[in-house]
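The chains carry the letters A, B, C and D, assigned in the order they are written, with residues numbered from 1 in each.
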Amino acid sequence: MPDPASTERYSYLGPAGTFTWAALTRVPEAQGKEWVSVNNVGEALHDVVSGRSVGAVIAIENSVEGGVSATQDALASIPDLRITGEYLVPVDFVLVARPGTALADVRVVSAHPVAYAQCRGWLERTIPAHAHVPASSNVAAAHDLLDGAIADAAIAPPTIREQVDVEVLAEHIVDNPHAVTRFVLVGRAGRLPERTGADKTSLIVELPHEEPGALLEMLEQFATRGVNMNRLHSRPIGDALGRYRFVIDIDGHVQDERVADALLGLKRFSPKVIFLGSYPRADRQAVEVTSRYDDDVFIDARDWLRGLLSGEPE
Amino acid sequence: MPDPASTERYSYLGPAGTFTWAALTRVPEAQGKEWVSVNNVGEALHDVVSGRSVGAVIAIENSVEGGVSATQDALASIPDLRITGEYLVPVDFVLVARPGTALADVRVVSAHPVAYAQCRGWLERTIPAHAHVPASSNVAAAHDLLDGAIADAAIAPPTIREQVDVEVLAEHIVDNPHAVTRFVLVGRAGRLPERTGADKTSLIVELPHEEPGALLEMLEQFATRGVNMNRLHSRPIGDALGRYRFVIDIDGHVQDERVADALLGLKRFSPKVIFLGSYPRADRQAVEVTSRYDDDVFIDARDWLRGLLSGEPE
Amino acid sequence: MPDPASTERYSYLGPAGTFTWAALTRVPEAQGKEWVSVNNVGEALHDVVSGRSVGAVIAIENSVEGGVSATQDALASIPDLRITGEYLVPVDFVLVARPGTALADVRVVSAHPVAYAQCRGWLERTIPAHAHVPASSNVAAAHDLLDGAIADAAIAPPTIREQVDVEVLAEHIVDNPHAVTRFVLVGRAGRLPERTGADKTSLIVELPHEEPGALLEMLEQFATRGVNMNRLHSRPIGDALGRYRFVIDIDGHVQDERVADALLGLKRFSPKVIFLGSYPRADRQAVEVTSRYDDDVFIDARDWLRGLLSGEPE
Amino acid sequence: MPDPASTERYSYLGPAGTFTWAALTRVPEAQGKEWVSVNNVGEALHDVVSGRSVGAVIAIENSVEGGVSATQDALASIPDLRITGEYLVPVDFVLVARPGTALADVRVVSAHPVAYAQCRGWLERTIPAHAHVPASSNVAAAHDLLDGAIADAAIAPPTIREQVDVEVLAEHIVDNPHAVTRFVLVGRAGRLPERTGADKTSLIVELPHEEPGALLEMLEQFATRGVNMNRLHSRPIGDALGRYRFVIDIDGHVQDERVADALLGLKRFSPKVIFLGSYPRADRQAVEVTSRYDDDVFIDARDWLRGLLSGEPE
């Protein structure tokens, strides 16, 4: 007998205080429900697939590290998942240490590799001779400081002070003050989120062969229908050097005629197209399309063709 | 009350003996029916539009003069016509004169401008100082020789000897021994000829604006669906210098999925697409398409999309 | 010994009063020089090739008939010609007849095929049952009326009244009141006209093979360098159905970097590129190019590449 | 006074035993010279820039993780570096633990994130409930096992047994048995490696604006010159979501005409092109180009254009 409570559970990369947790606080339908902290993206998605959770919040892109590899590979290999929403969380970090440590004493810095990349410029300027010890999460790095880790300091989110007894050596150490991380809410395939006019559609597409012409041809599937691509990320398929799949976000909803037609073109062209979902944009900014790609234009063309096929005069 | 006999009449650019007449002898359904000789293409097509004739045979292209302008303009401006068949007639001409004339005496040559163009090289080599007087038809030019025309000789089809009392000064004077003229049978819009697998589809397309990019975009509508174009002819629209429409033949039948989809793309893109018909090729050569553009590929993609829209797992 | 007078002679399609003659009156360097009336475009160009004339004025395009076939074919086959200027002449026609003829009596109309095409709409509305007899020139048609031609009326330029004793039955009978014919002045290859900033360049290009992709690829040679095409005309090469050459006008002078680079691309791509010349536009309208295609951009890129090849740091 | 010995030093991501170290053993010119172990890619490249080392070996791509982010970002931001060679190292890992540990006891696995990704499938099947602790290097993870790390086991290269007193719990645990990592040797800009006919050229290119059309236009710079791209990797520029630079490998040497011309096109198009070098392919496989893109074709076109500009007949 399925647990009815399972429909109320959300999985996220914990512990509380991570950016993923911050993203989950922005998901309206998750408020007041059970939140499950997991150790990695694969675990979060398996919770969804198995029905243990109705949704998982996972990081899919940030402005320094690009596409988050594990997420993209998981979405490419686990079937029947759908993205239903996106959430942006500003990136902000502090450098923390055990109480009593001075900035001048810091030699070894613990940080999740993505966080480290986002603060690398600041660290190279401020502590030129530092070494980096990777941590499994932004929050764990701070915890470990008190557990006898070899690191002298850790990069952590500003909320860390409420959770761990550490001292803040420096604030706002992110190199790019405009950095944000993009998270998505993922559920099982089912009814699509409604079309809002400010939607995006996410896809993973493999190319049919390895020539550069194949990529050109894929991009033309969008261009020829006036579909704007706002993200393109290549990921190695993993079976050989030089074979890639592309993680793509386009403007619009699959219920938009031009998007649906582009998907038909892609599907005919590509050996594998994974539809990850159509969902409202985090910024709620309406998609602008020139009138030549309006739904009506597609519908009129179909009516005209139907007339031709039936033998009617035009 | 409509004349039932009208369904049995075919119009052609006469008189008997012209290449158009020769083309009509190749139209199976016209054999044993009434043939009406007319003076120009417009008249032939108006016979069809008005219902006086069920079909008109008109020249649409030859290998020297390219698209026949009057035909192409008439097809672009008279609605609801459909091409239902094509017929190739080899081009062969003789030079004829009033009995008693020697080749060395010839100064003025009468010929239809298209015939003249097809023999120009031979004439320039053989009679370098000749002048050309245009004639309204290949056959009329020969007739006029006996009616006191100023011409000394005329270019005419080889069959002229059976019709007019002229002397042949030279045979096979066509510059290109492989030249053929392409004729089409035109009727009113109605049931489409059946798909044979060796079909072509004719279109007239206007570009949305004057940039070269628009032509590129039009050609991509075909290329992106694997549709081969085997004729492209530009014709000025006539309202301003530099505005063109394109007369296009593509391989395949509008009932082929890839052709239908390309027509949808064209229709959305172009301010005016005229469908002139899908009909069997004169050479009956089967259209070869790589398997990625098979009908099944289009149908599978639509099934897949329908699943996505209904919210089913893939 | 070359005849010094030959440098002062210009050939044109006569007789005086034709549109070609009108175009020649607009060529500044030809005023006060000797003008030679010839019978056809080939003769005019041979005068230039042989050195009999320094220049020939020939019609190259009008807004009803598109590219003038004979001109385009002659330019494609006679080497080492260069266009050095273009001249626009408005198209205006009158219908004339022998004195005493009424419009209602006209059954047969004599006209050059291009003139006929330009007045066809008016004739079909005004004299629905007329027949057309082609004439060798607009002026000859009127002359022939008095020489016992079978025609009842002729299409002629308005200046005909000053030359032939005919009566004008109707004025301004051209269907398109904005129609103009474009003429060019052609000389032997030599020093290029100076770059004025309001130039065009004319080319004839053959495609390497018959696929539609080849045309796409040719157009991309221009698009990728920001070169605007303002005329594209396909002409059958004449050796087989479906093989075309393209007569092309682009904005700019071969001394413009972007044009020179596009010509390099074309030359590498095409089995045959004929450079017909770079010359000032008739309308003297400056060519506008976005700054990314300025000469400087091309020169900077070459300097950068030269540095790379020499092993210098960037 | 510069240290003459510096010309003999090579930097690599240590310690000895890492894959980078294995790559360095494949660099002929580095054998018998001084090897300096550094902590990260930035340090290795700074050694080169400062002149402390003549070369640095760094990982640039592997078949699981795609482009190595830190390397690509460092190459994009440090000027005047040049890649002079590439080296492939097969990926092979063992799972090691403190002596006495059984596979069944393992709960926490320490591994560099890239190594972890490459063994993730094996770990998920074999130790479904494991947790991952990131390590700074494949070798350090094993060392730390003996230093009281919380991890029970570590992923390490097979050579680890010679360096650290650990026990091997499992061998060949890499998910993809064909996985290789690609390393490059990087030096300061200077004389280019000689053209061998089996070369590749590496570039980093920014797009001029954010439309998908810009990517299409970039790819056409290669396609239109017959230049094959064998790697395309997008990296966020880091100043805003959705802005990317592309790390590109193409077939051929900058001294090949078609490559040089493509670089000119790129340079004119892009706000920033970084030339990373032309160097022999690791696999020594000759680049095949259709004859239409041979050096001669480019040289002939330039000769032809030079003739046109000088006013010579063609």
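The rule is short, and it goes like this: a residue touches a chain if its C-beta (ideal position, glycine included) is under 8 Å from a C-beta of that chain, and two chains touch if they have at least 3 such contacts.
Listed by chain with UniProt protein names: A, B, C, D = Prephenate dehydratase.
Worth saying up front: this structure is predicted, and the values here are computed from it rather than measured.
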item	value
Shared chain contacts [chain C (Prephenate dehydratase) and chain D (Prephenate dehydratase), defined touch]	none
Required steps from chain B (Prephenate dehydratase) to chain D (Prephenate dehydratase) (each step between touching chains, minimum)	2
Chain A (Prephenate dehydratase)-chain C (Prephenate dehydratase) separation of Cα centroids, rounded to whole Å	59
Distance from the mean Cα position of chain D (Prephenate dehydratase) to that of chain A (Prephenate dehydratase), given in whole angstrom	25
Chain A (Prephenate dehydratase) and chain B (Prephenate dehydratase), separation of their C-alpha mean positions in angstrom	57
Residues of chain A (Prephenate dehydratase) engaged with two or more neighbouring chains	220
Residue numbers on chain C (Prephenate dehydratase) that touch chain D (Prephenate dehydratase), as the complex places them	79-80, 188-192, 208, 217, 220-221, 224, 254-255, 260, 263-265, 267-269, 274-275, 292-293, 297-298, 300-302, 304-305, 308-309, 311-314
Touch list for chain A (Prephenate dehydratase) against partner chain D (Prephenate dehydratase), complex	39-40, 42, 61-66, 69-70, 73, 112-113, 117, 120, 124, 131-136, 175-176, 178-180, 182, 210-213, 215-216, 219-220, 222-223, 228-236, 238-242, 244
